[in-house]
Each structure stands twice: as structure tokens, then as C-alpha cells.
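Each of the next two complexes has chain A plus one more chain, namely chain B in the first and chain C in the second.
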Partner chain A sequence: MTTRSERLLQLALALLVVLIVLAPLALMVATSLKGDEGRILLDIGSLAAFWVSPGEASLTNYVQVLSSATQPFLRFLFNSVFVVGWIVGVGIFVNSAAAFALSRMRFRGRNLILAVVVALIIIPMEALAIPLLLMVNRVGWLDSYQAQIVPFIAHPFSIFLFYQFFAKLPKDIDEAAYVEGASPFQVYWKIALPLSGPVIATVAILQSLEYWNAYLWPLMVTRGPEVRPVSLALAQFFGTPPPTWGDLMAFSVMMSLPILILYLAFQRWFIQSVVASAVK
Partner chain B sequence: MASLSIERLKKSYGAVEIIKGVDLSIADGEFVVFVGPSGCGKSTLLRMIAGLEEITSGELKIDGAVVNDLAPKERGIAMVFQSYALYPHKTVYDNMAFGLQIAGTDKAEIDAKVRNAARILKMEHLLDRRPNQLSGGQRQRVAIGRAIVRNPKVFLFDEPLSNLDAALRVTMRAELAKLHRDLAATMIYVTHDQVEAMTLADTIVVLEGGNVRQAGSPLELYHLPRNLFVAGFIGSPKMNMLPATVSAVAPAGLTVSAPWLAPTVIPVNPGGVAVGATVTVGIRPEHIQAGEGAVSVTGTVGLVERLGHQTIVEIAVSGGGLTALIDGETMTSPGETLTVGFHPKDAHVFDAAGEALTRLVVPEIAKVRKQRPAA
Partner chain C sequence: MSRPRSRLHDQSRPALALMAPAGVLIVVFIIAPFLLSLVLSFTNQRLVPNPNLPTASVGVANYVRLLGSGEFWQAFRNTFTFALLTVPLQSALALGAAMLVNSRLPARNVFRGIFFLPTVLTMVVVVVIWSNLYQINGFFNAVVRTMTFGAHPGFDWLANPYLAMPSIVLVSMWQGFGFQMVIYLAGLQSINPELYEAARVDGATRWQEFWAVTMPGLRNTHIFVLVTTTILALKLFAQVDLLTKGGPLGSTQTVVRLIYETGFRKGQVGMAAALSVIFFLVVLAISVGQRVFLKEDREVA
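And then the complex of A and B:
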């Protein structure tokens, strides 16, 4: 039983953590809404940086970013949505199908493949970047969408998440379906996949975050704004002198929005999945 | 509906043999129950019939056709699982319709079949619910409904009632018996519950260690167990089994004696048993009454369990212990001396190998098979 003072202390600590987490976000949003660059520079270094009075708020920075001819924000945004959409969309089917086979079907070498998949989780992208670049170059995919999509559809951690979920599904369910005449694909498609909503949400959020923020690989395989993602564009924007903080923050806010929307859309399932893996 | 024939069926996992050559013939419309202790292979045998386990050797025929290498769906069977195995994301209607949808059955036909099965099982009002909105008994009904809609040749049940509470089990047992009567389908049922086996079966198959120890009607198994295992397995409380020595052999029976038993003639066919041989005398607790009987045994009362209408008494006698199921009104308590009696015609004798000697006095009831009303 917690006492009132203990609860107050807990609340204060929680608030402190929330403030620390939200501070950069507040700084970003507040700065993006300040039209006057001089004011921004004046506010930085004081608490005023985290706040913009409603009277002063303006969308000037957003208009500037969206109307820039040299930095076509909407094009970059489309590129990112396109690339991440394909990776996540196709990835859900490929990774769940692989996990289904690994968890539900008996074949030679199954355990070895599973061990390799788990081992691949810890290999960082950076370690694979150079050989992958050579391969992509070899097939002539430099400066293309497919160079940013195809190598990342198969995702070991997603396979692992699906594997864990499928492994926990009672075997009787598959067997009942087999007795009723279902093929392994039908069991996957009509039974296992529809049941894995929480995992799909988790995988969608984790993979989207990972590839939305991807930097090194797009930098290696893209040249111009045609296929470049927004993450790379932000760096480019930041590196173009003089740095205008208002524009930069407006750029950052707009870049964060799609991921935020995705999270809000899937958060119920996502939390359900995380809680389920914690308490079961 | 279909007949089934199992010939020298074996199942091994590597070097471990689980089913060791089972022979069994199941008639069209028969209700067969597989019973046995955990690990005896009853579920494995059922799964082999379903096609969920590969057959290592031997032949499985359904309606005369060998089905060893056929997939489950090609065997014309339906199975009800212990865990119900309902699809959690589908409604009751879709759970029942799934098999037919996969087979590409016409929508109107699916609808008619699902509604008919729902009517048989009295669950028309549940069709739109999902499994998590149903009670255990309702879920089991859906699982059975899912089997019915496919109109299979053979129904397989793998301990379907063991997840239900005692009261619901009694209700569902009666419903299953009625279902068998109504559908007149061939049904194979696995359970470890003797009451289910005794009440539902036309034929009980007792399995032990991957072998069939006896197959027969429930009352045949109860009155004429072929060996010590079946004698001990069928009946609750368990049959008393005490060693005795043969002191005389005659066509009318064996005379046996033991420290706990004065020389008594038990009417069994002596077979190859000779004077001086050690045999096992079996007597069911319910055949022992309090007080003197044709044969009387006196001992010290150990445990007393009062069930109300009856009392289970454990009595220590010289050379072993006896369990008696006596009437509920006899006053007795641990530590007392109690005399109980039984009739020699109720006793069973097993030779040194554990095989039963043929009883010469067989109660008429042992020949009774399950009565079915005329269709």
C-alpha cells in the first residue's frame, strides 16, 4: 500500500521524466513556429526557447521549407513514405511467412536457419554496407528506390518477433485447420496472420522507425533528390549555410509527423504486444 | 459413416516405439473409446488415424481403402480437440464454416449446413459470437459443430471433455451420446475418464505401452478382464489383487489359499495352472460386503472414506490390504477389526503371467451391449 506522500513523489518523478523527454520536442515545435530568426537566437539559452506565445506563432518557416526549389521537401517526404511503405508492407508478409515456416513446419536445417536468423539480429547494418553496396552497384540499382527497399525487406528481428508469436499459438489450431482441409499456406494466411495483429503493429512501428531514420545506406546509394529520403535531406538542409533554425525545426517537425501518426494509429496493438511479451 | 480397420499399426520416434503393432476393427456406426494411462499411446493412435502423425508401419483402412499416405483432409475424418482449437479471430459461424469454405462449397449450402449443425447443438443464438465470448461448454459445442458440418465418415474426439467442470462434463457426455444416436456415425473417442468410457462406448479399447490389452464392450471388460492390467484399470476403486497359492485343481475351479484366505474354490477354468502355483486373486471392492459372506476375511481397518451412500474402507489383512466398497451406514473407524465377505463366483484368478483364467460363472449382464433405439 503506498501512502499519499509516496504517490506524490512518484508523480513528481514521473513528471520530471516526461519533461526531460518532451523538452527537445517542445523546443523543436516552438522554434519552428517562430518566424523571426533573431528572436530564435535570442531565446535559445533561456526557458523561452521552449515556448511560443500564440500571438507570435506563425507558419512562415513551414511555408519557406515547402516552397524551397533547391530542397523539394515534399519529394523527399514522398521518397521516404514510398521506401518505408514498401519495406514495411512487403516485409510483414515475407517475415511472417518465414517465421511461420520456421515455427510450424518441419524440414531439414530448420534449427540452423533459425540460429542464423537470430545471429543476424546483432550484425549492424554498417558491417554489411560495403558488400551490399557492391552488390547493388553490380545489378545497376544505384540511385534507385529498389536499392533502398529490396535489401531490407527480410528483417531478422521481425522474423524473430513473428516466430515467438507463432511458436506460442497452440498447435491444435493448425492441426484443426489441416484436418478441415487447409493447406499450410491457408493456415498461414487465414489463421496465423490474422491472429498476429499486435506483432504486425510492433513490426510496422519498429521497421518504420528504423528505415525512416536510415542515413548511411541512402547516403551511399542515392545521388540526387529524385529518390533521396527525407532523413538525408535534413542533413543536407542543415549543412547548407547559413543555418536558419526556424526552417530547420519546421523541417524536423514535418519529418516527424508521419512516424507520429503511424505510432498513434498502431499504439493500442503495439502496447498490447509489448505488454503481452512482458507478462506471459 | 464408415468402418475402420487397423492392422499391425506401428509408430516409432527414432528408436522409441510408441505404438507397437495394434490390430483393431471398428464397425460402421460404432462408438469406440480408447482408454489407458498417460503415455499409453491412445492419443498417438487417434492422431495416426487422423493423419496428423505418420504411420511407421502397418495399414490403416477406412471403408476398405488404405489411407496411410493420405492427408488428413482426404481421409473423410473430423476431429474435436481437447483444447477445442477454435479460431479465435473468427465468429462461431465462420469457425464452423471454415472447412467448407476452404473446400469451395457453395455459400447457400454452407449456410444450410452451419445452421443445421447449430440447431442440432442448440446454439443458433451464438453464431455471431467469437470464441472468447463463449463458456467452456459452448466452445466445446462449436468444436463439435465444426465436425458435424463436414459430414465426415469418422468423428475423432481427443479428450474433448477434460477441460470442462464436472457438472458440465455430465451434460456434455449425455449430449455426445445423443449425437451419436442421432447421427449414427462412426466415432472414436480418447479419454482417461472411465465413466466416459463406460457410458459412451460400444467398444472400449484398453491400451498400455502401445499395445492393446483388451478390446470389448464396457461390461465385458468389467466382468471378464483378460489380464491384470485391464482388471486394475477398469473399475473404481481399483480391483483388489492379492497373491494366493493353488492347493487343488478340479474342473469346477481352483482351490486357492493364502494367509488372508481360507482354502476357497473359485469357479475358473484351471487352464495350465498346477497345484502349488502362485496366482493372483482379484476381487472388486464393490463385491465385498461388510459382515460374514460365503468367504469371510477379517482385518484391521485403515483408511475410511465416507461418500454418503457408500463407504470405502481399507482393511489390512495378513499378506496385504483389501479395499472394500461397503454400504454407507456401516459404523466403522480406523483401528477397528472388521470382518467382510465376498462370494467366490465374483472373484477373478490370474496366472503367474498376469493372464486371467476363464471364469466359469459369468453374470448375464456381461453380455449386454449398449442399447440403441431403433432408428
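And then the complex of A and C:
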């Protein structure tokens, strides 16, 4: 059994890690709520940087970011949501359909195709970026939503996750439907897909995080604010010296809020998705 | 015995129809660029075509130039340095955190949720926060000054060739350790609790228990974590591009950033393609290594 002193040590260590994780976030929130940039620079090297007294908190920075004419925050946010929404929304159908065929239908070359899909998982996007850029450039897709969406809809790893899930479903489920004369499309649409809630959640979370955090690709294919995602807009804002910390942190808080709310609401799912991605 | 007809005959056509959307997209956006990068790596292709200088084959000239360039080796050295620092440190931190969360800590799900939280933040946000801490008059230098009683003025963390890479390692670890923690947690929970009981009956100390039960029980988890973390580390780009732009003096330039600069900034697509091919081969070697290791283990078990 664990002794009392051991448990106290565990608790102390855990609280130390909590402090290390939360302190930078406290810095972000506290700085974002300090309307006076001079005050921020005064506090910057001290513990006061991690705290704002409720009486002094103001939303000035938030108002500034939201009303900036050169930095249309809401437009950037929309761009990110739009791009990720399309990739994930269409991806679920495209990837699950392919996985259904690979796992529950019989045809020649099935194992070969499956092997190719699995092999493709290891190709890192970074190694494809330059030729892909050349292709996108040639078809005039620079500075467009298409360039950020279409190349990423089909996702070998998501196909693999769907494949694993479908392969485990009991055989008699679709046998019964085939006996009644259903077509493979109907079995996929009416039986397999409605059963795959858990794996849809996993795939949606993993893909959302991947493309919400995309940096290299949008850096190369977006120029103006019309289609630029929010993370890249923050990167540009950050890269324009001198840093106005209050605005930068307000921007950071606002763009993290949607993901943080989703995370807090579906924490269990987030963590399970990561675990599911590891059990290969 | 009669079996349903549709199960008996070949289902190629509906299967093909179901696979077509993903298939077309994969061929166009993964396989084609992959093959294209192989082909382009033997040419002097430019991003913006020059009508006076048509693209021509240059044989292995790109590879020869890369292997002879100091920039190339520096980028690889830096990337591997980053991996060598990040992988063990981050994995150890993650394992420690996982063991805490797996112990009989009160409210351990809350702890787990907090530890995992930074991984859902975008790297750009993380960089903004940490660059504030790294400022000359920022928090870390305040700590240095306090600890030296004001004798040391502190460091310019990101502009110092010796400190820039470790500073980037720290940011990356803070953001990423929750990922490995969650995987270690699943690994810990799959260890048979009877093994721990047996160790205790034998009078093992906590330390002996860790090395005799926990570590061997996590063998496959270790391999997975080490390989995935290494591959993630080799892809290092955003933190560096945002915090140091590869500087100072190229001390934080990475392979992916070199691909980006060569192909996108300088428009030397041929050269960047050769670099991409080499990068891919390194990642491939590591992934294949993982499969070999895991297979061996399965055969033993």
C-alpha cells in the first residue's frame, strides 16, 4: 500500500506540474486583460505578470483586436472554421466509404490497396509540401480555400482507423441485410456508418487538431486576409515588431477559446482519440 | 447450403465506387506529389518558371550539392540535436506525469485533463506566450537575476547560439508532453496488477518495482512513444520559424525549414525536392525500425 508520505509527495509533484502548465496560461489571460500596455511592460519580469486584479481588468485589448481594420479577426476565425469544417465533414464520408469497401467487401486487389494505404500513412506532409505547392501554383489555387481543403480530405490514417473499426463489426450484421437484398451502398450508409459514432469522433478530433494547427501549408498558399487561417494571422501579427502584448494575448485567448471549450466539454473524447491513434 | 448471392460474387464494382473519391484524392494529392518530388529532385525546376531557362534534368547534381553544403549538414545536425534533447526529456516527463495520474491521487482525472491541455493549443499561441517569458526583461531573466542576487543580468535566450535550441526544446516539451503522457497512461493501465502484488510480496522497493515491473511492461509503449516523438521532432518547423527564424547563425535551422526556404522563399523547387526525398528516407527508416522492433517482440511473446 502507498504510504502517507508517498501520497503527499505525489500530490506535491502533481501540483508542481499543474503550476508549470497553468502559469503560462495565466500569463496569457492576465496580460490580455490589462488595458494599459505600459502596465504590462512594467509587470513583465515579475510575478505581477501572471495576475490581474479584478478591479483593473478591462476588455480594451479585446475590443481593439475585434475592431482592427487591418486584422479582421472574425474573418480569420471564420476561415479556420470553414477550412477545418470542410476537411473533416467531407473527410468522414470519403474516408469511411473507402474503409468500408476495404474491410467488408470482397474484390481482387483488396489486400494490395490496403497495404498501399497503410504505407502512405508514414509519408509526412512536410515532404510533399513543395511539389504540392508547385501543383497548386500551376492550377491557380494560390490564395484560395480549395488549396487548403481539397488536398487534405482523403487521409490514409483516418481510412485506417475506420478500417479497424469496420473490420471488428460482426459479420452477421451485413449478411442479414444482403439476404434481404440490400446493396453494398445501403449497407454502408444505413448500417455501418450509423454504428461508427465513436470512430467518427476520433477521426474528427484528430483531423481537426491537425488542420486547426496547420502552419507550414497556409504559410505558403495564403497571402491576403481573405482566406488566411487565424493561427497564421496571429503569427503575422506576432512577427510585426514591436510586440503589443495586450493585443497579442487577447488575440491568443480568443482564438484558443473555441478549442478550449470543446476540449473541456469533450475531454474524455480528446484523450481517447489520442490513445486510439496510438494502438496500431 | 445456400449462401446469399451478393456475398458470393465479386463486389469489385460497388467497392470501386465506394473507394473512388478517396482513391482519386490520394492519387492526386499524395502519390502524385510524392512521385513528383522524386522526379523534380533530378531537375533544376523553379517555382516560378523562367521562359529563358526551361527546366532541365541535372542528374544527381542537387543531391551532390546538398551533401556538400554546410547549410544542409547544419540543418540535419540541429534537427537531430532537437530530437536527442526532446525525445528522452519529454518522454521521461510524460512517463512521470502518467505515473502520477495513474496513482491513487485525489481528483486524478482533473490532473490528467490539465496536463493534456497544452496539446490542444495551437503552437502559434504557445509561441506568443513563451516569447514573452523569454524577453530580455521577461520572467526567466527575472529568475536568473533573483537566483544570482543580481550578479548576472540574464540572457538573450533566443538570440544566443547556445541557448536558442534549448529554449525551443522547452517550449516544445511544455506544449507536447501531454500527448506522450496519455499514451503512457494507457500502457501503464495494461500492466497486470498481479505483477505489482507479486513484487510487493517479494519485498521489492519502489525503485526495484519500477525497473522490474513497470519498465518491462511498457516495452511496446516505449517503442511507440520513442518513434512517434522522434518523427514529430524531425518535423520541427513552426516554433523555430516563429521564434528564431533559424537563427542565430543558423543554430536553430531545421530540415523542414530548409525545405521551406529553398523551395518557397528561393523558389529552388528541384533542390527542395531532393531535400524532401532525403527527409522522407530518414522518416521511413525510423518507421521501419519501429515495425521491426515491434514484430520481434510479438514473436518473443
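What we mean here is this: the second predicted complex is superposed on the first by the 238 of 280 C-alpha atoms of A that agree within 3 Å, B and C clash if a C-alpha of one lies under 4 Å from a C-alpha of the other, contacts with A are read in each partner's own complex, and residues count from 1 in each chain.
One rule holds in what follows: a residue touches a chain if its C-beta (ideal position, glycine included) is under 8 Å from a C-beta of that chain, and two chains touch if they have at least 3 such contacts.
This is a predicted model, so every value here is computed, not measured.
In the superposition on chain A, contact is made by A:V179 with both chain B and chain C.
When the two complexes are overlaid on their common chain A, residue A:M135 makes contact with chain C while staying clear of chain B. Greater residue coverage of chain A by touch, when chain B is weighed against chain C, goes to C. Of the two partner chains placed by superposition, only chain B is touched by A:I191; chain C is not. Look at A:P54: by the touch rule set out above, it reaches neither chain B nor chain C. After overlaying the two complexes on the shared chain, residue contacts for A:P151 are found with chain C alone; chain B is out of touch. By the touch criterion defined above, A:Y215 lies against chain C but remains apart from chain B after alignment on the C-alpha atoms of chain A. By the touch criterion defined above, A:V94 lies against chain C but remains apart from chain B after alignment on the C-alpha atoms of chain A.
In the superposition on chain A, contact of A:G45 is made with chain C only, not with chain B.
On chain A, the surface patch touched by chain B in one complex and by chain C in the other comprises residues 175, 178-179.
Contact residues of chain A toward chain B in the complex are 170, 172-173, 175-182, 186, 190-191, 194-195. Interface residues of chain B, counted against chain A in their complex, comprise 50-52, 71-73, 77-79, 81-89, 98-99, 102-103, 146, 150. Interface of chain C with chain A (complex): residues 4, 6-7, 10-12, 14-19, 21-23, 25-26, 29-34, 36-37, 40, 45, 47, 96-97, 100-101, 103-106, 111-133, 135, 137-139, 141-142, 174, 179, 182-183, 185-186, 206, 224, 228, 231, 235, 237-238, 241-242, 256, 259-260, 263-264, 269, 272-273, 276-277, 279-280, 283-284, 287. Every residue of chain A that touches chain C in the complex is listed here, in rising order: 2, 6-7, 10-11, 13-14, 17-18, 20-22, 24-25, 27-28, 31, 41, 44-46, 49, 93-95, 97-98, 100-102, 105-108, 110, 113, 117, 120, 122-124, 126-135, 137, 150-154, 156, 159, 175, 178-179, 183-185, 188, 209, 212-213, 215-216, 219-220, 231-232, 234-235, 238-239, 243, 245, 248-249, 252, 255-256, 259-260, 263-264, 267, 270-271, 274-275, 278-280.
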